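Input: a single structure, listed below in structure tokens.
Residue numbering begins at 1 within each chain, and the chains themselves are lettered A, B, C and D in the order written.
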Amino acid sequence: MTTASQAPKKRNALPPGVTPLDQVKHLSGLEFMRGMLEGRFSPPPIAAALKFELVEVEHGRAVFESVPEFGFYNPIGVVHGGYAATLLDSCMGCAVHTTLPAGQAYTTLEFKINFVRAMTDQTGRVRAEGRVIHPGNRAATAEGHIYDARGKLLAHGTTTCLVFPI
Amino acid sequence: MTTASQAPKKRNALPPGVTPLDQVKHLSGLEFMRGMLEGRFSPPPIAAALKFELVEVEHGRAVFESVPEFGFYNPIGVVHGGYAATLLDSCMGCAVHTTLPAGQAYTTLEFKINFVRAMTDQTGRVRAEGRVIHPGNRAATAEGHIYDARGKLLAHGTTTCLVFPI
Amino acid sequence: MTTASQAPKKRNALPPGVTPLDQVKHLSGLEFMRGMLEGRFSPPPIAAALKFELVEVEHGRAVFESVPEFGFYNPIGVVHGGYAATLLDSCMGCAVHTTLPAGQAYTTLEFKINFVRAMTDQTGRVRAEGRVIHPGNRAATAEGHIYDARGKLLAHGTTTCLVFPI
Amino acid sequence: MTTASQAPKKRNALPPGVTPLDQVKHLSGLEFMRGMLEGRFSPPPIAAALKFELVEVEHGRAVFESVPEFGFYNPIGVVHGGYAATLLDSCMGCAVHTTLPAGQAYTTLEFKINFVRAMTDQTGRVRAEGRVIHPGNRAATAEGHIYDARGKLLAHGTTTCLVFPI
């Protein structure tokens, strides 16, 4: 675990989009994720809608950062659980993705998340860290944790992904 | 189960916001949710960010609708799992909320969701139906299902909420 | 939902065991499960250890019954959660099994269960009903509910199974 | 993570049972768990039915060991998922229990487990390690992992417990 970075610079200057499959199918998952981190592939559209970005990626691990804001609130006055879910699904799915060789793809079968502290527009920058638990060749599992800038745990989860050839 | 409505009219014309607690603390959860459905209380900010709206509410049940779009895509070319998670968290949490008398509140401890069919910008209007399973006075559980306009199941989940006095 | 039967007769008189694969690989999942219900195939060993038995099976659905007893208690004075987990895993997994044609097998990737009322040695006969939610050809999901003899819900869960050719 | 111990000696020689509440209500959770480890309190009845035992306990952590056997098999020829569920529920719930002061109790609201490698009667001694993730005063979360004697991960899970005064 590390705390959220204080440097909110934008890593990827490309407009949001989905990279066509024929541009990425010869790449391993890690090569593709590194290309996104380094601004050679577009960040996904959802990252613009919920204002989060990839900040670290390595084999078996992916980290996203974001700043919760009022625009993500639910009716009961804190950030909606779907925001944490989106960050956790991203970091857990991408952690699995980094373990796949070229020619393999994945889809998320399920995830489960726990909320341990509410987020508000006073929380500041948060960090969602995903880590592969079991890198299987038919099914893989991963876990994710969201921390605030002081390292306090806000939410955590696990996921099950189906792995298949493309 | 019913299929998604074909009538995409906007139910609540108020700008997004969070209703102050002192305006709602004398209301039951169902009265508050009905006020939101009928446009007397603001829809939550997240509903603007991910473009979904409350369309039905009754004791133990809440339904939201939305149209998945390209702006919610993930890097692998379909709608991000966080979108389904947000709809399911909304309909399950609100279903629990409808069962609470005035003076009781809830917070979501955890949810778990399964993805059974991917959503794309061709899916059309979807419907997220939440239903209470166990309305406890310390902890409550609910389930949610997302269907497309033909009634095909796209995702489903369950949640555990903590119930407490305010 | 139906309540637990009052008739605790033993359905399958064979000793516990595992039927060799070459005796069952030409059968559909439902044919195999029916053979177990009708006493032509052994009940599984775990069913003896935790004293539960298959009582109904049809396409997409399997039901087990059992009587919780003191021998299944945890240190805090009620029946251990592993007992409900075993009944739910059984009824959910077998519900998936009933949907598989000959030549297909499944393995459980994950399950998640909620406990809504504790079981004790005064609970009496309980009934675990499993039902397929999504019968996929790569992954399938199912749900399960445990009821007491008056139809009160005691626990519920969902599962994700991997489906593959044998 | 550590591997399963090779020494299958019995730690607690008392017959299985449930310690009456008035003997333990003045103890912290950790004092109670240590009493069970040291043979001053009975092991729970379920530990006899499924042949597992507590082998380590400290603040925020509890470890159980067991040897999977044919008597725990399911109909498809491997150890039933309920066995892993029982070990994980035990180590995760007890890890939460160790964090509670005298006068506080807990109940498990839900758990979710993933199976990553099947267990058989050839697996040998396994070790289920529970660790608290979030020790809340209303709700607590924990995680658990089952390893074989060479340290290979077999199953993992998370749980949500309700914490309340007694």
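A few remarks follow.
In this text, contacts are C-beta pairs under 8 Å (C-beta built on N, C-alpha and C of every residue); 3 or more make two chains touch, one makes a residue touch a chain.
All values reported here derive from a predicted model rather than from experimental measurement.
Taking each chain's centre as the mean of its CA atoms, D is the chain most distant from chain B.
By number of C-beta pairs in contact, C-D leads over the other of B-C and C-D. For the pair chain B and chain C, the distance between mean C-alpha positions equals 32 Å. Each chain gets a centre from the mean of its Cα atoms; for chain C and chain D, those two points are 23 Å apart. Shown for chain B are the residues in touch with two or more other chains, namely 109-110, 112, 114, 141, 160. Per the touch definition, chain D reaches chain C in the complex via residues 16, 18-19, 21, 32, 36, 41, 43-46, 48-50, 70-77, 80-83, 85-87, 89-90, 93-94, 97, 105-115, 118. Residues of chain A touching chain C in their complex: 109-110, 112, 138-139, 141, 160, 162, 164. Touching chain D in their complex are the following residues of chain A: 112, 114, 116, 133-134, 136, 141, 153, 156, 158, 160.
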